[in-house]
């Protein structure tokens, strides 16, 4: 039976040690600086902005193939489709541009944000669907397809902008949402007993079987992504679900509160990075 | 309205283009060779002669493919009077991946992204001046491109 | 009708370098649908032709092993900026697509 | 505490890998007197708890549904075996969530 095969991988999950000193109480900016420092010390030869390129910051052979993909990337189809969808008016004559600041152009760096009235984290993908909902349109699936294409176009118009996620320190609910996302990131789960950090912090740059692991730092810069494995463009939360499955944990629903808080934390860790999405990955 | 009319116009142009297309060329695809499952037979059927190893056929392809579904390949040659450039993936179910027919105005270099089901030798074949030249590289694949 | 081909073509001297991306599933016929576990029928581009000034400058014959959303690049001489290049593909199900682009 | 948990996980894997071991020793007597319905209900309960904790192992639900299928096909031994494993997985997931409630803090990167 399929689920017994994974026994072989178990020793690795035990082997990856718990090596970090405790300090769960630090604020978001302290957390971010600690992660930047960790990577700067561990990979002194990798320029900071390079971490936005995931595993390609560490692996020369893979990087060459990636550069060839980026020369004429398959996500250009999604950008084009996304632009057409973005610009097509809803049945009521309004459009996505009416729902977002600056007509939705070049705004991705401000997402996710904490909505004080709703008391929840709002992601760009969630707001795309909220926009549809408020204009009487049907909701789109969150992981792939039209919504991912619209997100790709919006990311494309935001390229080069600096990620600027805010966790207002005078808003306890926002701080709590951030903390919950952080907790998720550090919590081991699933049959393999892995946390997000097991792969993407403690083992970043190393190989897990044949796969080179990408870094936490810069992880939120380049979404949505055309993964060769998927053969299509997908959102960050599709990847969250896939990561969960890879450690044999049942994924949560896309745009669940947990995933939104996780995206809030993870994107805050990429503050100061230039957006470079969409992107191709293996 | 405007967008719609543009679309219709575009469609009309496309139809006109298809009608004017030179049909002759399309008949020349070696369909049966594309179905062939043995790499040696593919090469024999395609050229009717054995290729000569040549360092004038240059192939850029990764040693370790990131993902077998998308393996970038570039083939170049210094040879003159190039008639065709072909790619054979020995271990693929049907090894002939692509054949590019050159024109008198072609610069003999092509790039394409191919699928590889498993680790395999990849053979670049150039037919030039009536003879066939080749170069071969071993490519490791960790994620296969045929199943998933 | 297949989707239009995305073409980027640049001229250096009198040599045009053409890069093209063709939205197409390129089903090999060997892939199983993850939901039904049934083989997805083969559906792939069989030939691509590029034409410049009424002359065919490149013909490609493809099998099932060309990647999804195929990318191809090739070069030819006798080109000048402002010229038009026309590309066309046919697939094994009788679908096709033709796109024109201006050399830059 | 940490070591105990790791041991628990390891033992779960050993157990999962040695389904036949339940044919011998004390456990076989337990099995003989345990009805599928009881094990299945206990597994469902444990699974509901794991779902409430938002920490379900990805194969547990499939395992439990396989158990049901095996039972419907009259393969009681396999059905009980699978349901027992599913129950154990769900319980371990809850234990894991309990343990992680505080443990995550020890991993947080600090300057």
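All chains are identified by letter, namely A, B, C and D, in their written order; residue positions are counted from 1 within each chain.
Throughout what follows, contacts are C-beta pairs under 8 Å (C-beta built on N, C-alpha and C of every residue); 3 or more make two chains touch, one makes a residue touch a chain.
Here the structure is a predicted model, which is why all the values come from computation and not from measurement.
Engineer: When all chain pairs are ranked by how many C-beta pairs they have in contact, which pair ranks first?
Structural biologist: Most contacting pair of chains: B-C.
Engineer: Averaging over Cα atoms per chain, report the distance between chain C and chain D in Å.
Structural biologist: Going by mean C-alpha positions, chain C sits 52 Å from chain D.
Engineer: Could you give the separation in Å between the centres of chain A and chain D, each centre being the mean of its C-alpha atoms?
Structural biologist: A distance of 31 Å separates the two centres.
Engineer: Please report how many Å separate the Cα centroid of chain A from that of chain B, as a whole number.
Structural biologist: Spacing between the chain centres: roughly 36 Å.
Engineer: Two or more other chains touching the same residue: where does that happen in chain C?
Structural biologist: Those would be 19, 68, 71, 73.
Engineer: Among the residues of chain D, which are close enough to touch at least two other chains?
Structural biologist: none
Engineer: Out of chain A, which residues touch more than one other chain, so two or more?
Structural biologist: Answer for chain A, listing residues that touch two or more other chains: 231.
Engineer: What is the complete set of touching chain pairs?
Structural biologist: A-B, A-C, A-D, B-C
Engineer: Under the touch definition given earlier, write down the residues of chain D that touch chain A in their complex.
Structural biologist: Going through chain D, the ones touching chain A are 2, 6, 9-10, 13, 16-17, 54-63, 66, 89, 96-97, 100, 103-111.
Engineer: Using the touch definition up top, name the residues of chain C that touch chain A in the complex.
Structural biologist: Touching chain A from chain C are residues 3, 6, 8, 19-21, 23, 68-69, 71, 73.
Engineer: Within their complex, state which residues of chain A touch chain B.
Structural biologist: 61-62, 64-66, 68-69, 209-211, 228-229, 231, 282
Engineer: Help me check something: in the complex, which residues belonging to chain C touch chain B?
Structural biologist: That would be residues 1, 15, 19, 26, 28, 30-32, 46-47, 49, 52, 55-68, 70-78, 86, 88, 90, 96-98, 100 of chain C.
Engineer: In the complex, go through chain A and note every residue touching chain D.
Structural biologist: 1-4, 7, 10, 14, 18, 20-24, 26, 30-31, 33-35, 37-38, 182-183, 186-191, 193, 195, 197, 201, 244-245, 248-252, 258
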